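Below are the C-alpha cells for one structure; questions will follow.
Think of it as A, B, C, D and E in the order they're written, each chain with its own count starting at 1.
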Amino acid sequence: MTLTFSAALPQRRFDVSFTLRHGETLAVLGPNGAGKSTLVNLIAGLLAPASGHAELEGEVLFGPGVSTPPHARNVALLAQDALLFPHLSVLENVAFGPRSSGASRRTARSTARTWLAEVGAAGFEHRRPGELSGGEAQRIAVARALAAEPRLLLLDEPMAALDVAVAPALRSMLRRVLAHRTAIIVTHDVLDAFSLADRVIVLDGGRIVDDGPTRSVLEQPRDPFTAGIAGLSVLHGIRTAEGLRTTDGDELRIAGGEDLEPGSACTLAIRPSSIRVSASRPAGAGNALRVGISDVEPRGDLVRLRAGALAADVTPATAADLDLGAGSTAWFAFRAEDAVLYSATR
Amino acid sequence: MKHSPGHARVPLWVLAIATVGALFVVLPLVAIVVRVNWGQFIPLITSESSVDALLLSLRTSAVATVLCVVFGVPMALVLARTAFPGQRILRALVLLPLVLPPVVGGIALLYTFGRQGLLKEPMNLFGIQIAFSTTAVILAQTFVALPFLVLSLEGALRTVGTRYEAVAATLGAGPTTVLRRVTLPLVLPALVSGAVLSFARALGEFGATLTFAGSLQGVTRTLPLEIYLQRESDPDAAVALALVLVAVAILVVGLANQAGVRGRFSAGSLS
Amino acid sequence: SAGGSSAPGPQASGATSASTPTASRATAPEGTITVFAAASLKATFTQLGTEFETANPGTTVTFSFAGSSDLVTQITGGAPADVFASADTKNMTKLTDARLVSGTPVNFATNVLEIATPPGNPAGVTSFADLANPGVKTVICAPVVPCGAATVTIETATGVTIPAVSEESAVTDVLGKVSSGEADAGLVYVTDVQGAGDAVQGVPFDESGTAVNTYPIAALSATKSAGLAQAFVDYVTGTEGQAVLSAAGFGAP
Amino acid sequence: MKHSPGHARVPLWVLAIATVGALFVVLPLVAIVVRVNWGQFIPLITSESSVDALLLSLRTSAVATVLCVVFGVPMALVLARTAFPGQRILRALVLLPLVLPPVVGGIALLYTFGRQGLLKEPMNLFGIQIAFSTTAVILAQTFVALPFLVLSLEGALRTVGTRYEAVAATLGAGPTTVLRRVTLPLVLPALVSGAVLSFARALGEFGATLTFAGSLQGVTRTLPLEIYLQRESDPDAAVALALVLVAVAILVVGLANQAGVRGRFSAGSLS
Amino acid sequence: MTLTFSAALPQRRFDVSFTLRHGETLAVLGPNGAGKSTLVNLIAGLLAPASGHAELEGEVLFGPGVSTPPHARNVALLAQDALLFPHLSVLENVAFGPRSSGASRRTARSTARTWLAEVGAAGFEHRRPGELSGGEAQRIAVARALAAEPRLLLLDEPMAALDVAVAPALRSMLRRVLAHRTAIIVTHDVLDAFSLADRVIVLDGGRIVDDGPTRSVLEQPRDPFTAGIAGLSVLHGIRTAEGLRTTDGDELRIAGGEDLEPGSACTLAIRPSSIRVSASRPAGAGNALRVGISDVEPRGDLVRLRAGALAADVTPATAADLDLGAGSTAWFAFRAEDAVLYSATR
C-alpha cells in the first residue's frame, strides 16, 4: 500500500479510513459538506486530525504524537481556490515547487515552462496572477501542483472553474500524468471519475458510504447521490422471486439478478431515458409506479421529470400533452430488461 | 480592482474630517517654516556641530533600523504565527518602549547596560563598555524604534493569513523557504513602512539618548540633542535645525513610500 | 564651537588619556578631558574651553551639557567625565557622597533670579510683588529644582505668593514660555536673561538677594588625566575664568 | 486554517533571534523592577501629586485617543482608498509627529496655537485660550499619537483590499454603509491595535507637553512630567512612578489585545 | 429595453454591445478569458469602460463623462468567488442587501431567512463563513444576491462549486425566480442555459460571436465552442445541391436545408452518438469522413473519440476492437437524416 489513511475529526463529524495502492488514482465523490476537502487537507497536513494514523510509502504522515510537517510530506495539493502567489509571475509560481526541492533557477524555470505548455498556458509566463481570468488561474495552479512532482497528488475539484473547451484537454493531460502517479481527485463530475480514476470512494456526512472500482460504483450505485451523478435512478428494496419489492411496497419484475438471495437487500438502477411516462396506468404487464412529480427541468431537446429518487426524460411535446408540473401525479413505467438489479452491499 | 471607476471611494463627510485632521498635523509645520530666520538659514545649519550632529543621527538611525529589522521580523513572526502561553503578555511588553517616557527608557537602559547595571558582570567579563558611546545611542534608538516595526508587521502578517503559506508548504517549501519566498514578499509593503517608521522614530529619539548615551559632540550628540542644546543659546539655530530634521524625515519617508508602492501588488481582484 | 575639530572616536570616550589627531604636539600638560557642565554654563564654558586650549597647546576639552541632575545620573552610571560643574551644591553633594569626586569641590560662581518678560513687557511687570497679580501669567520653576527652590525662598522671605500657571522643571522651559510670549513673566537666573539676548527683557528686583545660588566645580575621581582635570578647575576658578563668568552675569563665589 | 497542526510554523532560527530581541526589550524592565525601593513603594506612589498626575494622564490620554480615532480613521481612509496629486507628500507629512523630537513638536504647537501663534487671530476672535490648560495637554498628546492610528489603519486597509467593499456596493450599500458595515469591521483588529498604540503614545508623551502645556499639578502635569520632576529630588519615587506607568500601559494593552482577539475572525481557510 | 449596453475596454480587448428586455434572462457563454466576468463587472460598476454607454430602465449606468456608483445601480452581482463577509454570520450576510436598502433589522432578517430556506441553507444561519464548505458558501452567496431584490441580477457562474445533488434544486429555484426578473447568468453549463435563459450570447476574445434564442443558438451552433457545450459536433462549408462541401473538401449528402441557397455558407451539426466508427471506408452510400483521432476519452459505459472538431461515441468494446488511440486514423460515418444543416449566419 502506498497510502494508508485513517483519521477522525469530531468537530466536523469526520471519520474515514481507506488505503491506496501505488500508481492508483482515487476519485472522491460526495455532496457539499461531505468532508472531501477535509480529507485532502488532512493528508496534505493543513489540518491535524483528532486521532488517527496515516502513512505514505512507509513514512508516517501523522499518528499518535507525530505529525510530519506539510513540506516534508511530498504531497502536493491543488485546492478549490487557485491561490496563485500574487507577488510572483505565472512562471515563478509554477517554478516554485522545483525551486523548493532544490532545483537551480534555470532548471526550475524550464520545468515550469514544460508544465505550462502541458496545461495550454504557454503564453502567460510573465503575467501576474491578478491579470488572469478565473479559469486561466486554475490551469496555472494545476501546472504548479504537477511541477512539484509529488509522491501523492491531491486535486480538490481542479476542473471546477474550467470551461468545456479547456476541460477535455486538461482531462486527457491529467489522465496521461495520473497513469504513473498515486493521486486523489475530489470531483463533482462523473466524467472526471470515469476518465481519471481507478477507484471511487463516496463520502457523505464525513463517512464513506460507497467504495469500489470506478465502473461498479458508478454503474451499480448504492446511494442516491452516486446514482444522481451517474445519471441513474435507484430504488431500494428486498429481492423477491420475480424481482424486487421496493421499500414503498411496490412489486417489480426484473430480468437478471438470479445470483441474489431472495429476501436480501437489493438495489435497482435505471436510466431516466428508459422510463415511459403516462397519465394513467399503462396497459400491459410491465412495471409501473404511481409517482408525484417533484420537479420539471427543461434540458435542451428533452424535459426531465423528477419524482423523489426517480427521474424520467420525456420530450417537451409529451410533457405538454400530459400537462405535468410539480405537484401533479403520473405513472412511470419501464421494461424488466432495462433495469439492473444488484446487491445493496458491495 | 485595478481599473476602478472614477467616483470617490469614501463618503464626503469622511473627506471633510480628514481635511481637518491633516490641517492639525500640517499647520504646526507651517508655523515652524514661518518662524525660520531664512536670512541666516544656511550658516545656522552648516556650523560644524550641526553637521556633526546630522551625520551622527543619520548613521545611528540607519544602524538602528537594520537592528530593528533583524530582530523585529522574527519577533513579529513569532507573535503572529505561533501560539504559546504568555504570548499576550509578551506582546504587551514589546509595546513597552512606546509608552515609557523616553527619559525612563534611558534610565532603564542605564540600569541594564550601564557600569552598575544588571548585565554588569557578563559585560565586564568581555570588557564591553556601552554607556556613553555611539553604541549606546544606537541601543537607545533601537529600543524605542523596535515596537514600531514589530507591531506594523505583526498586523500585516495576521491580515495576510496563512493560506498562501499552506500552499507553499504542500509544494515542498520548508519553513525557511516559505518565509523567504512567500511570507516576506507578501508583507513587504508593511515591512518597508515599518522600517521607515522605525527609522523616523530613531531619528527623532531624544530622551533616552540623553540619559543613556549623554551628549558629546560627534559621539553621542544627535540632531535632536543638538536642537535641545541650541534652544538655550540660539533659538534661531534650533528652529533651523528642526526644519532640517523634518526635511530629512520627509525625504526618507517619501523615498520609502515610492519603493513600497512599486513593491506593492494588487491583493487580488473580484473576478 | 567647543572642541574644535577634535571629534574623539568611541575609544576616546572610554580612555580620556588617549591621544587624538590634534594632540600630536608633545607639550605638557596635554591630552583630552571631558567636562560635564550644567546647561546654564553652556555659553561661558564653551568660551572658557577654547581659551584654555589656546593657553595650553596640545589639550582638548570636550563638553557635555545637560541638567545638573541628569549629569549626576550619568556620572553615577559610569559616564566618562573628568570634571563636573554643577548649578547647585545639592547635586555636587550627591557625587561627593558617592565618593566620585577627587578632593573638595570649589565654588566658582553664584547666580540670582531675575524676572524675564517678553520683549516690550506687555503685562507691565516692574516688581516681584506684581507677580502676585492673577492677571499676570507667571511661569516659575518647580520647587524641587534649584531655581524653583530659590523662588520659594524669595516667596517666603517677601510673603508674596505667586499664582503660577506652570511650574517647569528647567530654566530653559521657563525661558521658552516667556520668549514665545505665552507667559507674561518668568523667574529665571540673571545669566539666563542675559544669554537669551533680545528674546526676553529682564526686570531685576531687590529681593533676589535672599536666594543666591552657588555653582561648585570639581575634578572627578574616575579621571585618567587628573593633572589636566585639575588644571581646568584651576583655570575656571582663576582670574581668566572669573572674568568670562562675570561678563556673562554670574556673581563672584 | 483554524485547526492548524501542532508543529512550529516558524523556523527555529527565527525563534532564536526573536528571543534575543524580546530579551532586549524585557531586560530593561526587569532592571527597573530590581531597582524599585519596594519598602517605600506604596507611600511613594500614593502621594497626592502622584495620584493627581496619574488621573490626569489617564483622562487626557483617553480623550486624545478618541480624537485620534475621530480624525485618524477618515485620514487613513483617504490615504488608502483615494488617489489624488500630492497624496504621497501628505502621507509623509502625517508621519511628521513621529520623527519630530517632542520638544520641537511642542515648539511647533506653540507657534501654531500659542498666544503669539499662527492662529492667534481666529482664536482671539472666539476667545479661545489654550496655553497652560488641560486642553493643551490633550492637543499635544493627539498631535504625537495621531500618526500611530493613521498608519496602522492605512496598512490594514490596503491589505484587506476592496473586494468585499465592491460586493457590498453591488448589494446596494452606499459609501457610508459600506464603511460602517464592511470596511471598519474588517479592519477592526487593526483599528483596536492602532487605538491602543495611540493611547500608549499619549500616555508616555512628555516633551511636547512640557514645551506646549507647561507643568502644573492637576492641570497639566501628567505622569511623565511628574516622573521627570521627582527625579530631581527623589529618584526612588521616580522609579516607582515609572513602574506604575508601565503597569497601566501593560494593563491597557493587555485588555485591548483581548478585545481585539475576540473581535478578530479567521481571514479565511484554504478549502 | 430594460438594459442597453455598449462598452469597450481595449486593455482586455473587450468590445460588446447588446440589449435586454424586461423580464428576459440572458445566458452568457464563452471559453475562459472570453470576457464574461468583464461584462458583468462593467454592468455592476466594478470596472469602468474606456468608452461606451449603458442604461438600465431608463437610468444611465455609465456614459461619456457619467458613471453611476455601484450601490445606486440596483444591480446585484454574485461573483465566481462567494466572498461572504467574514465578520458577519450567514444570516447577517443575507440580510445585508435588505438592510442597505433601508429595511429594519427585523424585516431584513425575516427576508434573509426566507431566502436561506429557498437555497436549502436554513440550518446555517448562525455559522460564520469560515465554517462553511465551498459549495455551502456559494449557496449562501446566491441567497444574498437574491435578497437584495435588484432590478438586474448578475450571476457569474453561480453553480460552479455546487454538487449535482444541490444544483437541480437551486436551478429550479432560480428558474422560478428569474421568470419574473431581468437577469444575466454567466455559465459553462449548457443545462443552465437551457433551463434558465431565454436568450444566449456567446463571447470569444471579447466579442459576441453568437447571439439568439437559447434553443436556436444551442441546437444550431455557429462555432465549435458553442457546439462543444451543446454536445454537438459542427462542420462548416458551402451548400451544394445534395448537401454540403466542407472546408476540407469532403462532399456530404444531407437531408433538409432546402431553404438554403446553393453556394451560401452553411453549418452542419451532428450528435456524437449518431456517428458510426470503422477502421476502413464503410460500404454503402452514406456520408463518410477519414479522420485522425486526436483524443480518446472514457465516459462511463462509452468512449468518446475526438477528431478535430468532430466527436463520436463508441462502446469500449468497439474502441478496443478498432485499436484506436490518439494519432490513429479511422472513418466516421453518419446517415443523411441524422445531421442538421443550417445557415452559418443567424
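Please note the rule applied: a residue touches a chain if its C-beta (ideal position, glycine included) is under 8 Å from a C-beta of that chain, and two chains touch if they have at least 3 such contacts.
Owing to the predicted nature of the structure, the values given are computational and were not obtained by experimental measurement.
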item: Contacts common to chain B and chain E (chain labels); value: A, D
item: Starting at chain C, fewest touch steps before arriving at chain E; value: 2
item: Steps needed, at fewest, to go from chain A to chain C via touching chains; value: 2
item: Computed distance of Cα centres, chain E from chain D, in Å; value: 54
item: Separation of chain A from chain E, taking each centre as the mean of its C-alpha atoms, in whole Å; value: 22
item: Centre distance in Å when chain B and chain D are each reduced to the mean of their C-alpha atoms; value: 15
item: Distance between the centres, which are taken as Cα means, of chain D and chain C, whole angstrom; value: 36
item: Touching two or more other chains - residues of chain D; value: 1, 4, 107, 111, 163, 166-167, 174-175, 228, 231, 266-271
item: Multi-partner residues of chain C (at least 2 other chains); value: 73, 176
item: Sites on chain E at which at least two other chains make contact; value: 37, 45-46, 69-70, 79-81, 83, 133-134
item: Of chain D, residues touching chain C in the complex; value: 107, 110-111, 114-116, 131-132, 210-211, 213-217, 220-221, 225, 228-235
item: Touching residues (chain side chain E, partner chain D) in the complex; value: 44-46, 69-77, 79, 81, 83, 85-88, 96-97, 99-101, 128, 130, 133-134, 144-145, 148, 150, 154
item: Complex contact set, residues of chain D against chain B; value: 1, 4, 8-11, 13-18, 20-22, 24-32, 34-35, 70-75, 77-78, 81-82, 88-105, 107-109, 111-112, 117-119, 142-143, 146-147, 151-152, 155-156, 158-163, 165-167, 174-176, 179, 189-190, 193, 196-197, 200-201, 203-207, 224, 227-228, 231, 238-239, 242, 245-246, 249-250, 253-254, 257-258, 261, 264, 266-270
item: Chain E-facing residues of chain A, complex; value: 30-33, 37, 80-81, 132-136, 139, 157, 160-166, 168-169, 171-172, 175, 188, 190-191, 194-195, 215, 218-219, 224-225, 228-231, 295-301, 306
item: Residues on chain C engaged by chain D in the complex (per definition of touch); value: 69, 73, 137, 139, 142, 144-145, 164-169, 173, 176-177, 180-183
